[in-house]
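Okay, so chain A shows up in both of these, paired with chain B first and chain C after.
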Partner chain A sequence: MRLRRRARALQPWLFVAPFLLAFAGLFLGPAGYAFWLSFTRYRGFGVARWVGLDNYRFVLGYDAFWEMLGNTLFYWVAHAVPMMALALLLAVLVQRQAIGWTRSFKTLVFLPQMLASVATALLFQNIFGTHYGLVDRVLGFDTPWLTDPALSRWTVVFVLIWRGTGYWFIVFLAGLTTIPPEVDEAAAIDGATGWQRLVRITLPLLRPTMLFAVLVDAIVTLRLFNEPNVLLGKAGTLAPASAAPLLNLVVEQMHSGQFGAAAATGWLLFVLIAALTFAMFRVMRERAAA
Partner chain B sequence: MKTDRTAIAARRFSRRTLLRAAAVSAALPAVAHAQKATKITVWTWGGTERFQRRVDAFKRLFPDVAARIEVDVVSPGKQDGEVYQAFRLALASGNNVPDMVQMNYIGMPEFAEAGVLGDLGGMMKPYAGDLVDGARQLAAYNGTTIAIPYQMKGKVWFYRKDLFEQAGIDPAAVRTFDDYMVAGRRFHEKHPKSYIMNIGRTPIHYWYFMILSNWPETRVADRDGKFRILADAHFATLIDWLKTWRGSGIAFDTDDFSPAWQPAFADSSICGSPISNWMTDFLPKFAPEQGGRWGITLWPEFNRRGSEAGGGVMTIPEQSRNKEAAFEFASRMFLTASGSVDEWERTGNPTVLRSAQQEMLDRNASMTRPAGLTDAQWTVMPNNYFGRDFLRPILDSFDQFNVFPYDPAALAELDIMRRETEAYIGGSKTREQALQAMAASMTAQIGNPYKT
Partner chain C sequence: MTRDRRAWPRVALNATAGLAALVFCYPLVQMLLNAFKSNDEIVSNPGGLPRVWTLASFADLADPHRWLLRNLANAVLVAAGSTAFAVVLCAAAAFAFAKLRFRGSGLVFALLLATMMVPPEVVYPGQFILFSRLGLIDTLAVQVLPTITPVLGLFLMRQYMLSIPDELIDAARIDGAGLFTMFWRVIVPVSSPVLGAYAILHFLSTWNAYLWPTMVATRDAVKPIMVALPQLVDPTIGFLPIYGTIMAGCVAATIPLLLVFLRYRDKFMASVTVGAVK
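Right, the complex of A and B next:
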């Protein structure tokens, strides 16, 4: 009897075991090794020399780290706000049937998402290229969209919004379909305007979807690499420091054989993402409770 | 009947068996021969196709040797940095260490200092006397011969002969930095849409050591780990020049290998380029209709010496199990006259051997359009595009060749130098701030580059 109970208790673990083994072997193990490596000076071969917190001190004292961190946070905030707002607006318009040709519209909006991020960045590199790009040629400008530090980051933001809107549009549309239509109808009967229904009913009920969207987008953007480097880099080189995301520092350190420092930077990025995620959860939950 | 059939069958069987045995016996030496071939693995970047053509040439030129040595080409990545990365990982794991690794000289000191590259002094001895001086520099690190040089990247100045003449500029008369600036202004005045060079806000990596290698005593760090950024005025000179060229109006505002670079040659916005000899491979493809209008000469005297990242070398890891076979392959292809001249014909890399230079020049002078080449392909052949004397200035640049004394942290130092120079060019830092930041970052990030 006891054996049977034990066997039954073990059953769920057996089903989950393959994932747990893969997680331990492919994530926890390497993450733990990277954590240990972050306290050493190691060039990728030879002996790893223990240096304690030196790598963390170097990275935190490095102005390039703060510049790239600033760029990363800029990309996140500057693209997330307009992109989420646009995606939500389009989803609401489609859900309320304000746009007639919804099937074609959904396809058009989602189309950019079907392109690989590298292909997208290469495309926009030709569109915004200095001197010979499509924008400059058609409009007669000679604007350094990709080389001027004041402009180049906004070009990256534009590409992120262009590519990302379609995906979150679909997510918000799916979220909107989970809201019972009777709630909205009842509010309409009670005389609520469209705006009031949107702000007082739709958005609060959509909060779980929005939390998911903001969190996932934040995590993805904080690990941004492709768009800035393909758009702003040259053959064989990464984006300049004035526009480089934080992951560039990890890549540069690895390429120059500074594995300990690269591991430290990676762990600092992880802590940042975890802290931001936790903070966003708290804020959204507090608002929901209120 | 039955007996006859059995007898016939038995005879047939015997005949077949004998024939099979004879075939096997004939094949055995070939099998044994094939089993004797040593397989070596070579790592290169940018795909395997280019190096595979080298292997094919090896089989064609040295069939007897090729019968003993089988070459397997692997490309761990698109750029040399990815090859170094893969090499570090192979060394760390002890698995899949290749028999030969292609490197740019700048990437070699890291591995040489760690003692993971084989000492080739003994094997290179018979060839050392025939190497041009620059190639001998490429073969050595800290007094030890550890590489087979295959490509010298000398400094040459490409310029539009026709437009320079119209502007009244003689490249030979451009000697000092001020002469260069005057020539640049005069050129732009005469040709308002064209420039004597190009440089953008983020100068490509090779500018740094191309300029610094002019001064033989300049190095980034001493052997005791002390960085010389503030002590050696040439670092200030370097970043000043880069900023001045960009801001003075003599340079087209785009960096090498940016999207605008190639079209700028095609529409004659860029009419000059002080760069390295490998540009003979790119320029004809950028502007095929400009054949015959480009000249090649040495850099102006004020920065004539040096090289671009030194050049290309083949190294043999200490852990390689087939060092002799790997060296034999490389020495045949790069250190024999037939191999090195064939290398030049295939890749444009001039020979590194004194004894083969005349043969290379003679072949170039007498070269006619190869059979089967289309008009488009013939147009971009360097000796057709630049003229039959195009090799002379390249060989002259080898007399000015100097390899910068890179240290094991050269790649990390270059990243830091570039970052601070970009800040200086962009105006967010003064020169002193940029140099101070360079020195401080190198000290903090790298420590002593000769110690890990």
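Right, the complex of A and C next:
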């Protein structure tokens, strides 16, 4: 009887064990190993030598780290502001039924999400090609959209906005439908104009969703890799340093067998993401309370 | 009557929105058109209708020397395999975390959630060395394995299962069902919306995978299509991308997804943003 009860108490673990074991072996173990690696010098073979905080000191003192971090922050700010504004505008237009063909409109705006980011980047590589690309053909220019160091970063931003808008548009639309229509109607009856209702009612009520969106997008952008590298790298190579996102450093260090330094760079990225995640949880709590 | 007064701005807005949507979607149209042009024509006529419609790029895609069909099959196998494993592992664990009481469940779940802060890329150096020790570099398995335990999937499924009334489970228990029967006959069917939604989300994210596969799939035979396409260059000139074949590859990799999306678009849009909205 007692044995049977004990067997029954173990049953839940049968459901959790496959996940936990796989998780421990495939993620947790390697994560711990990567953490340990970040304090060693290791070339992928031979003996790992303990070097304390040397890797962190090296990465933090490395110009390329700051340049790539700067690029990543540029990509974030430059694409997040116009993209979120555009997504919000479209969501409000659809919510207010200003656009008659809602369902098709939603589908069209969301469509780029169905294209893989690599395919998107290749497509725009073709469109923004100097002289021979569609844009230069139509404009009649020879603009080096993909090769000019300053300009190419804006091309990446354009692609990020093109592909990302539909996603946040749908998120904002879902956020808007949670706002009770009575509030808006009451304001309309009281004679508030469309603009007043937007600024005084819709946007304040949507604020937590917007904050949440900006933070999630920031976390995703810190991990940016595909778009700049496929768009600006030649034949599957990495983008030039002037446009390289932070993850390129991890990849370069792994390619050159500096596994300790690669791990240290990764954990520095983790610190940034953890800070943003804490901010996000606070926003979510605020949203749950509202 | 308000309608009449407002008709003109409304028409103008709709026309503008329609035009904007067309410009917005033109890159997709161009992808399709350029797949039917020769590589030479793409250079002279990048954006218009093909002057000469040709299937040469699709033939090139199917050329056995290029491995591209294999790359496409690899991508399908990896994404489908990863999705199947992830959904099964997450669903079983989510059931236990949501509906069964056992010692330590709260703590274990909280710790799992905390690991969501660690982005996968941080673990790549550790995983790369682990998998190379196991001799798994340049296999399909190494592309599948790191993605089969997504805590996000576990979290979303548990949240959904928490809302399943306990009466349903008690009824099954009274009928003498064991936990496995209960899981399979009650929980899985009732949770099918969230299982399906997460499956879509997971499939798309593994289909999009690029960084990890570029590091661990270097042989043509194991590359997924997304790794192979950016590397396609003109064999004689060397660095020039062959956009015809590349666009044909993009079309082949996108059209099936696009058709499924258009058929179930509302479900898709709800699923893909489920992680962000809830």
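Quick note on the criterion: the second predicted complex is superposed on the first by the 246 of 290 C-alpha atoms of A that agree within 3 Å, B and C clash if a C-alpha of one lies under 4 Å from a C-alpha of the other, contacts with A are read in each partner's own complex, and residues count from 1 in each chain.
The rule we apply is simple: a residue touches a chain if its C-beta (ideal position, glycine included) is under 8 Å from a C-beta of that chain, and two chains touch if they have at least 3 such contacts.
What you are looking at is a predicted structure, and each value in this text was computed from that prediction instead of being measured.
After superposition on chain A, the partners chain B and chain C are seen to clash. Residue contacts after overlaying the shared chain place A:195 against neither chain B nor chain C.
By the touch criterion defined above, A:138 reaches chain C but does not reach chain B.
In the superposition on chain A, contact of A:115 is made with chain C only, not with chain B.
By the touch criterion stated above, A:43 is placed in contact with chain B alone, chain C being left untouched.
Using the contact criterion defined above for the overlaid structures, shared-chain residue A:254 touches chain B and also reaches chain C. Contacts of A:234 after superposition on the shared chain: both chain B and chain C are touched.
Chain A has more of its residues touched by C than by the other of chain B and chain C.
By the touch criterion defined above, A:100 lies against chain C but remains apart from chain B after alignment on the C-alpha atoms of chain A.
When the two structures are aligned on the shared chain, A:125 is found in touch with chain B and with chain C.
Overlaying the two complexes on chain A leaves one chain C stretch of 163-171, 199-207 or 217-225 clashing with chain B, which is 217-225.
Comparing which residues of chain A touch chain B with which touch chain C, the overlap comprises 42, 44, 125-126, 129, 132-133, 234-236, 254. For chain A in complex with chain C, the residues that touch the partner chain are 9, 11-16, 18-20, 22-23, 26-35, 37, 42, 44, 93, 98-101, 103, 105-119, 121-127, 129, 132-134, 137-138, 162, 167, 170-171, 174-175, 212-213, 216, 219, 222-223, 225-226, 230, 233-236, 247, 250-251, 254, 259, 262-263, 266-267, 269-270, 273-274, 277.
Residues 78-79, 81, 84-85, 88-89, 91-92, 110, 114, 116, 200-202, 204-205, 253-260, 263-264, 269, 409, 411-412, 415, 419, 422-423, 426, 428, 437, 441, 444-447, 452 of chain B are the ones that touch chain A when the two sit in their complex.
Note for the complex: chain C touches chain A at residues 10, 13-14, 17-18, 21, 24-25, 27-28, 30-31, 34, 42-44, 46-47, 89-90, 92-93, 95-97, 100-103, 105, 108, 112, 115-119, 121-130, 132, 145-146, 148-149, 151, 154, 179, 183, 207-208, 210-211, 214-215, 226-227, 229-233, 239, 241, 243, 246-247, 250, 253-254, 257-258, 261-262, 265-266, 268-269, 272-273, 276-277. Across the interface of their complex, chain B is touched by residues 41-47, 49, 58, 61-64, 125-126, 129-133, 144, 146-149, 234-237, 240-242, 252-258, 261 of chain A.
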